[in-house]
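Shared between the two complexes below is subunit A, which pairs with subunit B and subunit C, respectively.
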Partner chain A sequence: MNKKRSLTFYLLAAFFALFVLFLYSPMLSIFILTFQGPQGALTFPMRGFSLTYWLGQVFQEQRVGNFVGAFWRSLGLGVSVMLLTLMVSVSAGLAFRNRFRGANSLFYLTIASLIVPSILISLGIGIVFQVLGMQTNWFSSGLGAHMTWTVPFAFLIVLGIFNRFNPSYEEAARDLGASDTATFWDVIFPLILPSLLGIGILTFTLSYDEFTRTSLVSGQRNTLPLEIFGMTTNVTSPALYALGTLTTLFSVVLILLAFWGYSALSAKQKQPKL
Partner chain B sequence: MTRASKTLQTYLLAAPQTLVMLLFLVFPIVMILIVSFWEFTGFSMEPGFTLDNYRAIFSSNVALRTFLNTFKYVALVWAATLLIGYLVAYFLAFYVDDKRLQIGLFLLCTIPFWTSNIIRMISWVPLLGREGLVNSLLLNLGLIQQPLEWLLFSDFAVVLGMVHLYNFFMIAPIFNSLMRIDRNLITAAEDMGASGWQTFKEVILPLSAPGIAIGSIFIVTIVMGEFVTVRLMGGGQAASVGKLIQTQIGSIQYPLAAANAVILLLVTLVLVLAILRVVNIRNEL
Partner chain C sequence: MDSSFSTSTSTAPDAGVLAADASVSQELKQELSAHSAGVALRGVTKKYGNGFVAVENVDLDIPAGSYCCLLGPSGCGKTTTLRMVAGHESITKGDILIGDTRVNDLPPTKRNTAMMFQNYALFPHKTVWQNVEFGLRMKGVEKRERDRRVGEVIDVVGLTRFADRKPAMLSGGQQQRVALARALVTRPAVLMLDEPLSALDENLRVKTRSELRRLQKQFGMTFIQVTHGQDEAFALSDQIVVMDHGRVDQVGTSKEIFTTPASRFVARFVGDNNIFVGKVTAVEPSSTFGSVVTLEVDQVGRFMSRGLSASVGMTAACCVRSDRLSLLPYPPAEASAANQLVARITQIEFTGFITRVSLMVEATGDEITYKGRSYDWLSIDAQEGQLVTLTWAIEDCIFLPH
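Right, the complex of A and B next:
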């Protein structure tokens, strides 16, 4: 394409570079400020240099509140949400391969769950628990709130997978006399496994970082994003940045793992095994 | 397997997701609707039927101004994300030929979306604060004499923060619809003598309209209910419906918060339907 050398190309490329800078520079700046010495402050310039001082401070409980407990809660919640979301959305995806009454309603309901303003979910679930006289908790109301966010994402990807899915494999399995259950676990499941791995990790990070939908219904004990939100008002040292750096690295590693795992597994499937 | 048991099996498979949606989406929103007509006695809510909550909202200048301010955020964030999102998606779709590079650059744009919003907002402090990088740069260049106060904790910061957080929702659907455009159509337009601008206006833009619509729906619904960015990035005066609702919940005025939420939902619904009237997105779903 001769387009490549046009002025438009350079202008757009420059715009794209600026955009990436805009996207990453805030993150990068707290990443750099994490490695200050003990006199470190919230703004540039760097005051001293230390690789581990502020990272170490994160784990001093009196510095930043109970971050470790919140981390474990968010981890547990993320894994539960991930497993439940996978089960729910794959099962719904299988149902959507057949026509059934109410399919349209369920589809639009799921989309609605994605685009309804998050605060309504939080307020609504909060009111339900209040009216029923139940105590909100991260593993009950919080889990439900997360599912309204993760299930639509997972469901839409699963629909996409089954759209491209070649049905001749399972037809072959059925012709050979496999039951539906056996067909699913021995044929369909292994074929969609790479995608499920990707969806699983993405779902986990969505839950792990979720704030708005959980904000009113997490109960007595905070999830990690809520804990960090609380810290923004009372922690005024770079320990806050160090914590930000740590959890962001955690998320980024997971995302890269998701993509890497997905491409590795699907590349392996493409190789003929004879 | 008989037809009847096949049908039963399909319903059983669809049941869990239906249940999740009914329990955590439909039921809560119905409860918001009901509670919005309940009475608030000063320290708790009492079942009943009163229009007082709605009356209070419609007769209050504060509520009205809050809604107007929220619309302002929606309009600004929408315009900014659309412009940025379209240019970025357009560049990736039409000017990056290498497939691997294209996917790599797209991922680069999406990775921040999967990290914590709270932390992404805190990250602006060292850049935009009174002693932040931007201010000291401008001071050193002699462009300003005093640090700019409006960079952080202002409407500007709120809009900037939201554009930073939510541009993914615009880029992804627009990129998707641009990638689906049959490249032969563009070649055909060029062969028939269309200029670059004409090709864009007559072929590419109409074909990417569904992507724009989906992105717009995301942005509108997210920003309408936003309160975290408004709280963290806005000053004390920055107001949004979401923040108002959150404050009312903080003082356990559930019926009032519910009434506000109902109005918020209706307004959002009208906006979404308006978008769907202009653009047909059925083929994208």
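Right, the complex of A and C next:
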């Protein structure tokens, strides 16, 4: 290999470094500003230094509500949305393998929900609930709003998974006397499980940080993104940044867990080489 | 690679590890041969929604306990036929009988058949044991009986020590035997094999081929196999079904297909045949061959062939195997043989045991191939570019009505 690199390499490397800086400096600023002393403010320069002061503040009751409650709501909502989305998208994916009548229209109808402006969907759901005389809530209207966002994504991925899925596994299972249910749980499900884990983490993330669609239908209690937004207009302390740091940490842990789970699962079912 | 493998024999891990005859459970053997059933197809047609006819009006009788190969190029309908028998493809028209039962509308599991899929379709997330056990578990066989039967069949295919491995940790040949065990464990009446050897390399293919044949004979089972290799079909079959464009062209034993192809397609597919197309000018009954059909081939010559029936004036063909030709100097010294033609040598290829000679009929540009044992060729001493006389007997010249 040639040790001496051309000028182009250094120029491009510098450009890439700038790009990475652009990508991560907002996040870095927030991390850094988290660790200020009690006199800390929202902008640089840092005022004092404390490792835990503002992180601790996150768990105190705030003027507009509290983070902890919002976090648990968002977590619960994310998990419910994830499970429901997986159920709906896998069932839909299985159905779409047999080209039924109206499959195409249904496909476009599902995807359309990705294109319609989010705020309109939120508004629409809000209006429907009003017409029906129902109270909007994060676990009812909010859940529905999230699923208009997660299901189309998950559905598209599931279609891709089943496109690559070798149908002879199912034929072999049926040939050996497996019912449809047994074929699904014994053969299809274990084989697509690593991919489902990926979809799960994606839909959870989509739901966990969803803002616009939730904004008009979350009811009395806020989800975490709404809570944070509320704080930016009312609260002017670095607790906001501390919260950002904590949720980022939470996401990183989640992603690491997902990667670990994915590789553990895929190792268990490596495709045989012929 | 695999240190635990037995070193007591000099064979490679993949070579002939199927258990020796003596150790094969007598009970398994009896049960399998008792279950064996014949298969009959009556006017079976498969038409797809877009109008494509994959299989057209196929009639076929496969006797119980026989090894039948469906042979043909890709797209000839052989796999579709197999999948219809197995129940993985619906039948548009006609009937399929397994034993005495009409199985048209039965799901695969009720047909008492088993299928070995191309590339085996072993469940990658299950161990060898779990793969083999799957069919019994699905049929609700109780645990103790399952363990006994799985253990037995895994032993027959020589994979006992690999029972806890996943398919990804097995060689191609071992995977093939897991697939076989998985298919055999449910005691099927008919075993269907979709190109079971195509994923193996040449050496292993030949070994596995003879193992399959031995196993089939030993258990007296009905095997139906799809293949596109004529040597594979010749080596394995009691019955070969040659298919083309969704139709059955010829059904016969290996010997029949080889010595008496029934159509131009079969003659070409079997290989090494020189085919001449012409007009029938005479049909004479013969005591030895049925009838002798004379064919006038434009600008090439007049050839006498053996056939069953033909009518004067029809367009037909005859063929002669390239190894049944005699090559004589031109002009020939002796009186003419039944069939002869003059051609120019364009290429001589020495391929070891066989020398392959390409020739051309000058008037038409038709290519002809002669194959002879290389030692015989030494005494002929002909050169490229030289004119020679090719002769062949009536009995080696097969009349092809279509």
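Everything below uses one rule, namely that the second predicted complex is superposed on the first by the 245 of 274 C-alpha atoms of A that agree within 3 Å, B and C clash if a C-alpha of one lies under 4 Å from a C-alpha of the other, contacts with A are read in each partner's own complex, and residues count from 1 in each chain.
By definition in this document, a residue touches a chain if its C-beta (ideal position, glycine included) is under 8 Å from a C-beta of that chain, and two chains touch if they have at least 3 such contacts.
Please read all numbers here as calculations on a predicted model, not as lab measurements.
Room for both subunit B and subunit C is found when the two structures are superposed via subunit A, with no clash between them. Contacts of A:A178 after superposition on the shared chain: subunit C is touched, whereas subunit B is not.
Of the two partner chains placed by the overlay, only subunit B lies in contact with A:T43; subunit C stays clear of it. The wider contact with subunit A, measured as residues touched, comes from B rather than the other of subunit B and subunit C. Contact with subunit B, but none with subunit C, is seen for A:S25 once the two complexes are overlaid on the shared chain. An angle of 100 degrees, to the nearest 10, separates subunit B from subunit C at the C-alpha centre of subunit A in the overlay.
By the touch criterion stated above, A:P225 is placed in contact with subunit B alone, subunit C being left untouched.
Look at A:L257: by the touch rule set out above, it reaches neither subunit B nor subunit C. When the shared chain is aligned, subunit C comes close enough to touch A:Y169, but subunit B does not.
When both complexes are overlaid on chain A, the residue A:L83 reaches neither subunit B nor subunit C. Looking at the shared chain after the overlay, A:A17 reaches neither subunit B nor subunit C. After superposing the two complexes on chain A, the closest approach between C-alpha atoms of subunit B and subunit C comes to 6 Å.
No residue of subunit A lies at the contact with subunit B in one complex and also at the contact with subunit C in the other.
On the subunit A side of its complex with subunit B, the touching residues are 1, 3-4, 8-9, 12-13, 15-16, 19-20, 22-27, 29-30, 33, 42-44, 87-89, 91-92, 94-96, 98, 100, 102-103, 106-107, 109-113, 115-121, 123-128, 130-131, 144-145, 147-148, 151, 155, 180, 202, 205-206, 208-209, 211-212, 215-216, 225, 228-229, 232, 240-241, 244, 247-248, 251-252, 254-255, 259. Interface residues of subunit C facing subunit A in the complex, by the touch rule stated above, are 86-88, 107-109, 113-115, 117-125, 134-135, 138-139, 166-168, 170, 172, 175, 182, 186, 199. Contact residues of subunit A toward subunit C in the complex are 166, 168-169, 171-179, 182, 186-187, 190-191, 268-274. By the touch rule above, subunit B contacts subunit A in their complex via residues 1, 6-7, 9-11, 13-14, 16-18, 20-21, 23-29, 31-32, 35, 84, 87-88, 90-92, 94-95, 97, 105, 107-109, 111-112, 114-120, 122-127, 129, 131-133, 136, 164, 167, 196, 217-218, 221-222, 224-225, 227-228, 232, 242, 245-246, 249, 254, 257-258, 261, 264-265, 268, 272, 285.
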